[in-house]
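Labels A, B, C and D are assigned to the chains in the order they are written; within every chain, residues are numbered from 1.
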Amino acid sequence: MILEPRFTDDVSDLPTHKFGPSSLTWWGVLGYMVIEGAAFALAFAAYFFLMGHEQGWPPEGRAAPDMLAGTIFTIVILLSEYPNTLAKRAARAGDVAAIRILLPVMVAIGAVLLVIRGFEFNSLNCRWTDDAYSSIIWALLLLHTGHILTDWLDTVVLAGLMFTPVAYEGRRQVDVDENSMYWRYVWLLWIPIYAMIYWVPRL
Amino acid sequence: MTWRTISIAPILPLLVGACSYQHYQSDFGNGAVEDTQFLTLFWIFIAVCAVMYLLVIGFLFASIARRGRAEANVVEVGRHHWSHPLMRSTLMGWGALIGVGLTGLAIASFFTDRSMAKAATGEKLSVTLTGNQWWWDIVYNSADASKTVRTANELHLPVGMPTRIILHSSDVIHSFWVPSLAGKQDLIPGRENDITIVPRKIGIYRGQCAEYCGAQHAHMALVVVVDSYPDFLKWWQHQLQPAPMPTNPMAMAGYKYVTSGPCGACHHIGGTPASGLVAPDLTHLASRKSLAAGTLPMSEGNLYGWVEDAQSLKPGVKMPTLAMEPKQLHAVVAYLETLK
Amino acid sequence: MSSLFRASLLATAVAGIALAGCNREEHHSRAKPIGETVPAGESPDTIFPGSSSAPALDPRAALYDNNANAIAQGQQLYLQMNCVGCHSHGGGGMGPPLMDDEWRYGGRIDQIATTIAEGRPNGMPSWRGKLTEDQIWDLAAYVRSLSGLPSKDAVSSRAESMSAGTPQSLTPHGEIKNSDSAQQ
Amino acid sequence: MTDVRADSFDAMPAEERERIRVEEENRRLAQERKKIARDGPKLRGAKLEARLEATWRRPPGIIGWLATVDHKEIGRRYIITALLFLALGGVLALAMRLQLARPDSALIGAERYNQIFTMHGSTMMFLFAVPVMEGVGVYIIPLMLGTRSTAFPRLNAFSYFMYLFGGLLLWVAFVLNIGPDVGWFAYTPLSGPQFSPGKRADIWAQMITFTEVSALAAAVVLVCTILKARAPGMTLARMPLFAWAMLVQAVMIIFAMPAIALCSSMLISDRLIGTNFYNAAEHGDALLWQHLFWFFGHPEVYIIFIPATGFVSMITETFCRRPVFAHAVVVLALISTGILAFGLWVHHMFATGLPRVGYSFYTAASMSVSIPTGLQIFCWLATMWDGRPRFQVPMLYVVGFIITFVIGGLTGVMVAAVPLDLQLHDTYFVVAHFHYVLIGGAVFPLLGVLTYWYPKITGRMMSETLGKITFWLTFIGFHMTFFPMHWSGLLGMPRRVYTYPAGLGLEVPNLISSIGAFVLATAVLLFVLNGLFSLYRGAIATPNPWGASTLEWATSSPPPVYNFAHIPVVESDTPLWDVEGELPVVTGLRVDEKETLLTTVVAATPDVREPIPAASLWPFISAIAVGIVFIASIFSPWALAVGVIPCAIALTAWFWPKELKRHPEPVIS
């Protein structure tokens, strides 16, 4: 005996997309940001746990990583926040023309960052098999590289999609908005990693 | 396990005879100060937990058997939110009771920990125990280097005196645990742990590795013999003597094979060219109560079985199968039996 | 680029690998000693100059070559029997290096086993009688892994000790060159 | 007028033309939007249900089977696969008990036994316990919250396939004799490159990667569903306790699983490319593994237990004919258990020689986690006291749960004290403890809730008499198996030993345990038979056979593909008990495309109409691509570099819309 429905109100005029916490994909992106945050937090804990065992860090006269590539990387990634914010505002404003300019810019910046990252791997002055210090430094850099690579691929696919007529759908602009939010998270996480790889060995 | 080990196994309790088998390897052995303190705390916990359990089960069965309720399946609209007015305060009371109970138990545990630490001060003897894959390497440290004794799989402790056992591991993580004496401590490669034991009762106890360490984790036991202090000193002096040269020709042939053949590559026998350090020290093998880290009781039959084909008794053990002719086997066992 | 091609080949042949893994993991803890196919007394003349064709491979080789457990046992024996004293961790010292592709007395597992059992001129001691056949073959399997000869799935990447060089699991697949400089 | 506009149109700059074109398109789409059919007073009853069925039905045949995104089908698969792994793990347990029935028994050799106990532990923890809770959650939560689908249904399908491939990897390796033999916890350096030659430990570590990707995906799906897709009016305060339990469990997974993801990847890199994380000789530390593993390990057991508390709350509420006493206290207890669980992992490492002061903190923390659970048990008992309990099969399992779990909780408090734990750690006393809290605490409620929701899932009732026999057999078999283990643990029997010598007094307890294990096995077999038998012979189930109060009982048994013709409105925390005859609903959702209603997080007021993705093969194909990359990365590190390309392609195709043209309202095809 299924109960008879008593009609209360009608939701047909509700929007089909909203920005911010009203959007389902916003919560999905937040979920994955928390997962990666937990993984990075534990990687940082492992880094300081291993560091706790040593008198000298890096151990026994190993040179700390060279600063050049890492610092350039940090500057570029922090500067990339400017086009990222513009893209986020364009997405909120629904300005598809601006998005079609800014997303390719973000893709280009991402490519440049990945190239700089290649140089960073060379400037670590250690090989992951040398000791636990080198292993954890390589692990941190590799994890963050994975982080950038996945978001870069997202941005490439999204940029491609924004050049199709579908770009004018509200849901796609919500995707661009959330992709920018995720990119902020990528460079926010880079700051502690940058400090741990380049500065902590020099303290 | 061949039929030989199955037939031998029941002999073990008879061999140990001295103390009843219940407390040979059990938490209730009460063989050391640490285990006594464990038991007092254990019974305190059992008592408090039993009381709490009876309260829960009492409440459960009371609410099951509670009469005077309409069995009707009907849910009175609105009324079903009603609860007995005392229930909310009982809930607070129950929460407080759990909190108080747990705080009491935590404090009792903290004081037991402190008293164990206090009993362990002023160590008279230090022993370094190194865990290997599936046997115990035991070195009695002494200020005078010539007095240090190296033995394996059997630990002698003087009664009434705190002994500090330094725990190292040469391969994987093991755990030193003699239930009748004290709690366990892990042997971790790259770390130095230690445990101090103050034996109370003279007797023979058995301990076992308590951290999974590979194929033969089940056969990594050790026998602990608690002697009176004079007996202990006599044992120590005896252990310092090198292995006696054999006299009868059979043992002589065994000596030649053991010291020149494969045994010397891994085992060390004091006073002979056999000087390997990667396997148990055999200088006083025959004086030990067990063979192959507590797997078999020491007997001639077991010596034959073990030397001839160790893999069938303890599959995966590092001791290789030597494939000796029977003549050589008799000679080797004859020699080993002289290593009292 | 060959290793990239090999990796994609691996990706498709996963089931095959799983089956091949059967004997890689075999724990033949040798409850019974292996039958002596080569009579212990007489040392087989496995040294054959480059030209003549090599004799058939000793049937025991299948049990030890590419077997992960044999290589692991060999690794432990290599340290315990102090091979490090002369060969260090494969780089050589008083004894010849074992990581390179040059083999004075043959790089096949049965030839290495014979080298260990019989000893060689200029200082290699004979281990027959000191080590059992089974231990000698384990050692031979490990010595081959020092120069990257067995498959990458059977070797271990490092020991629980100071790391002596690049992990065996990353060294490129080696090959055997019979060096004729036996006179050194 | 139009011709003047026409020629000046070409002269305008490109953006101007684009703007005008887009405006015309917007106007056209607005007209089409008005013509969309929506449910409501005009479109209702059988006609509406027929159209909804046609819209929501998945494509037929094997393609449809692999492409389904229906949370009910995926939930059913999760539960059936997890129960299969429970049976496999149970058979291994019987083999272990046979070997341990007699001292010095030669039935199973050392290496084989070590593989068996590793497989038993890994299968039960990773392939049965967590997935079955996910499965029940994925099936029931959307129905209980009054919505038509979970959030991200394709991610849900991907999560099941990753779980299935992880289980297959482990069991195919075990059958091919390359299964792991390092224990379900794989302590280094035993699981390290030197002491675990070959690929055994790698396969264990890679199985972890599979199951943790699956659990994380399912957790994100559940969090988003619970927070965003609740029926209008179901504020957080009115949310059923099972939804609270699944929310807390999902958040715990999101924080706990990355720990084992990190340490199992570090183990694989140690074993494959020679990093030194756990190599004590090269500045690494064997305890780093234990810290990271148990930081995940302890929350893991609460991830298994907390959904079980949700089960107990739902059964107690229904069978005592009243809501659970002190709803807020139970919810706060769930949340505090979830938070506290992250602060006590070091009680697994009391014997590793860490500083003693730290240990006393963890003793206090480990004891304090039993307070919230103690309060929950009090609330269930108070509900029984003030309600009118009907002791049908699900309620019997709740009574069995309380009797068993409280013993396990108290032995847990005992092993929390350092001096006791140093004697009891890694002995059969601990084996008894965790079986009491895992089987008693999670499997008993699971059997109860499978009986409880069986009519909703299959449309048939399970047999009551067979159910009662199964319960008593389970109860007796369980206690006969695991109570003697307290005794053998106290007599000095360590864990994970393939045999024990005679003469230590261990013969009698082990024999009783072995016999009890077979009694428990027959009970589980009986439960399965009851399940299969009732599929065809069981009494036909009405939509609400137990007279329960939550929304999943407002729709038919088994529910239609779209769950609810109209989205229900909730006005109290026990909707079906407080509704006089008519169910308040909201209308206006599309009928020609899959759509559901999103509501705000706290107050659950209608917020957005969300299109639900159509069935698609891409999640299955992505799972295969990611699976092959994971398995190949055991054999060569290059597999990760090469494998990124196929995975990126599959994931892009999963996201890429089928036709690149605009719709009046967004559709995910």
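Quick note on the criterion: contacts are C-beta pairs under 8 Å (C-beta built on N, C-alpha and C of every residue); 3 or more make two chains touch, one makes a residue touch a chain.
Keep in mind it's a predicted model, so treat the numbers as computed, not measured.
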**Asked** Any idea which chain sits dead centre by C-alpha averages?
**Response** D
**Message:** Distance between subunit A and subunit D based on Cα centroids, please, to the nearest Å.
**Reply:** 28
**Message:** Averaging over Cα atoms per chain, report the distance between subunit B and subunit C in Å.
**Reply:** 38
**Message:** Between subunit A and subunit C, what distance separates the C-alpha centroids? Give it in angstrom.
**Reply:** 47
**Rounded Å distance, subunit A centre to subunit B centre (Cα mean)** = 52
**Asked** At which residue positions does subunit A touch at least two other chains?
**Response** 129-131
**Prompt:** Of all residues in subunit B, which are in touch with two or more distinct other chains?
**Reply:** 171, 189, 215, 315-316
**Asked** Mind pulling the subunit C residues that touch 2 or more other chains?
**Response** 27, 29, 76, 158, 160, 163, 166-167, 170
**Asked** Graph of touching chains, which shape: line, ring, star, complete, other?
**Response** other
**Message:** If we use the touch criterion from the header, which chain pairs count as touching?
**Reply:** A-C, A-D, B-C, B-D, C-D
**Complete:** In the complex, subunit A touches subunit D at residues 1-18, 21-24, 27-28, 31-32, 34-36, 38-39, 42-43, 46, 49-50, 53-54, 59, 97, 128-136, 138-139, 149, 153, 157, 161, 164-166, 168-171
**Asked** In the complex formed with subunit C, which residues of subunit D make contact?
**Response** 111, 172-173, 176-178, 189, 192-195, 197-200, 270-274, 276, 279-282, 628-629, 631-632, 635-639, 641-643
**Prompt:** Along subunit C, where are the residues that touch subunit A in the complex?
**Reply:** 158, 163, 166-167, 170
**Fill in**
Given the complex, residues on subunit C that touch subunit D span 3-4, 6-8, 10-12, 14, 17-19, 21-22, 24-27, 29, 68-69, 71-72, 75-76, 152-154, 156-163, 166-167, 169-170
**Message:** Looking at the complex, which residues from subunit B come into contact with subunit C?
**Reply:** 171, 189, 215, 260-262, 264-266, 276, 278, 309, 311-312, 315-316, 318, 320-323
